[in-house]
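Common to both upcoming complexes is subunit A, partnered first by subunit B, then by subunit C.
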Partner chain A sequence: MIQIAEQIRSGWCVVEIRGRADAETAEELERALRSAIGQHPKVAADFVAVDYISSAGLRAVLQAGRAAQERQAEFTVCRVRGPVKKVFEVSGMHHVLRIEEDLPC
Partner chain B sequence: MAEEVAWFCEENDLDAEVEFDLNLAMEELFTNALRHGGCEGMKEAVQIRLERGEGRVEAQFSDRGPEFNPATVPPPKLELSLADRTLGGLGLHLVRRAMGDLAYCRSEGWNHVSMRRPV
Partner chain C sequence: MLSMLEEVVLLAVDEKTGHLESPRGFGVAYALAGAVFFDLALARKIDTDTDEIRIVDTNPSANAIWNRVLDEMRRRPEIRTVRDWIEALFRRNDDLEGEALASLIAQGILRLEKSKRLWIIDVERFPIVNDRPRKHVKARLAQAILTNEIPDTRDIMLVSIAEACGLLPYVLSEPQLEARRERIQVLCNLETISRKVADAIGGLDATLRQAPLRLS
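What follows is the complex of A and B.
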């Protein structure tokens, strides 16, 4: 189960994600992030309410990162917490994505 | 599957971190069995056994796909750039980080992967 909403704040499109980023929801997550990146030059994925992630969810975020690189859009992943943060760390996400403690706006 | 893991953790007084790791390991192995292990569309293709031991949880994931030992999969190259990074191997890497070493055996047409997580 995943819920995704978008908000525009100070020139950033903030994609608020809530719930589980797993094999069942990864496609929806990737679609939402790609759509935001296609429409906005600055996109922040807010992970504060994500309580579970697996490699399928990470893959969705990595693909979004690639899409942002191709479009030369700014893409940042923010407020990753708890065990989800641990999964990001052991997967080396910080090598390839901009990960921030707080929202940029 | 997540509901059953949650039930097992509640029954055995295991915390949210253990539940997270068990969920992660079981999802990754299940997804691999379906997508790469030839179990897609197969009836009763997988079995999961969770057992509470002294100071640990023992988990066994079994599937009826062709023989495949996940312990032979090399770790992913995490330091590569976004463009060069391949996405394979990440799931098994997460299983190892969550549960420790994987023990594998093949028996009567089943792959069995056993793990132990201290609690």
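What follows is the complex of A and C.
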């Protein structure tokens, strides 16, 4: 189960994600992030309310990062917490994505 | 589209001789097991997290290897971790390489040539009939390694399996690989399955290193 909402703040499109990012929800997550990247030059994925992420979820975020690179859009993953943060660290996602402790806006 | 397993086996065919290169010996069997799990993940049949693996779609596919592995996963729910499943598939001793070669021959990419060495020993070669898929695989690997762009999911998986099989020297020169060693490690680390394949190969290497000590 995942809930996704968008907010515009100080020139950034903040994609607020809530719930689990796994095989069941990865497609929806990737679609939402790609859509935001397609419409806005600056996108922040807010992970503060994500409580689980699997490999499928990570791939969705990574491919959104790839889409941002192709469009030369700014894309940052923010406020990753708890066990999800641990998964990001183990995978070394910070080597390929911009990951921030707080929202940029 | 070729499966991940087929792409890796195709990469292992020497384009001049048609012989199969397997520079990492037993480690390759772990890497090919990893390739099957990557195929299942790409087909959205399984999902993994940092430790566990689980089936997310039980519908059969058109691929016999995938169906066989999924059947076994259904029958053995007591095996839960990615590492244990890589070990379990390794121990099944399935001829994954042989099945991938048969499929590549059926698709007109390779052909089988049998001959005798010293009139007795059967020798099989797999000359390349259609070089386009192999060139495509090599180009994707080179692009993923030599640039700093985020690669497609499939190409990240391909880099990690080719690295585990020791096949990257057939794609890029030693100086190129040396210069991009850190990048290769970053890409390999992104996927749980490749991290666990590397662990399994590391465990096997350690066991083999200790084997002569046990005998003495």
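Just so we're on the same page, the second predicted complex is superposed on the first by the 105 of 105 C-alpha atoms of A that agree within 3 Å, B and C clash if a C-alpha of one lies under 4 Å from a C-alpha of the other, contacts with A are read in each partner's own complex, and residues count from 1 in each chain.
As a convention for this text, a residue touches a chain if its C-beta (ideal position, glycine included) is under 8 Å from a C-beta of that chain, and two chains touch if they have at least 3 such contacts.
All of these numbers come straight from a predicted model, not from anything done at the bench.
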Touched partner set for A:Asp102, first subunit B, second subunit C, both or neither: neither
Partner chain(s) touched by A:Gln69 [first = subunit B, second = subunit C, both, neither]: both
Partner chain in contact with A:Ala56 - subunit B first, subunit C second, else both or neither: both
Residues of subunit A that lie at the interface with subunit B and also at the interface with subunit C: 22-23, 52, 54-56, 58-59, 62, 65-66, 69, 87, 90-92, 95-97
Parts of subunit C lying in touch with subunit A, wherever the complex brings them together: 41, 44, 46-50, 56, 149-153, 156, 186, 189-193, 195
Sites on subunit B touched by subunit A in the complex: 2, 16-17, 20-21, 23-24, 27-28, 31, 78-83, 85, 87, 90-91, 93-94, 97
Subunit A - residues contacting subunit C, complex: 22-24, 52-56, 58-59, 62-63, 65-66, 69, 86-87, 90-93, 95-97
Sites on subunit A touched by subunit B in the complex: 20, 22-23, 52, 54-56, 58-59, 62, 65-66, 69, 83, 87, 90-92, 95-97
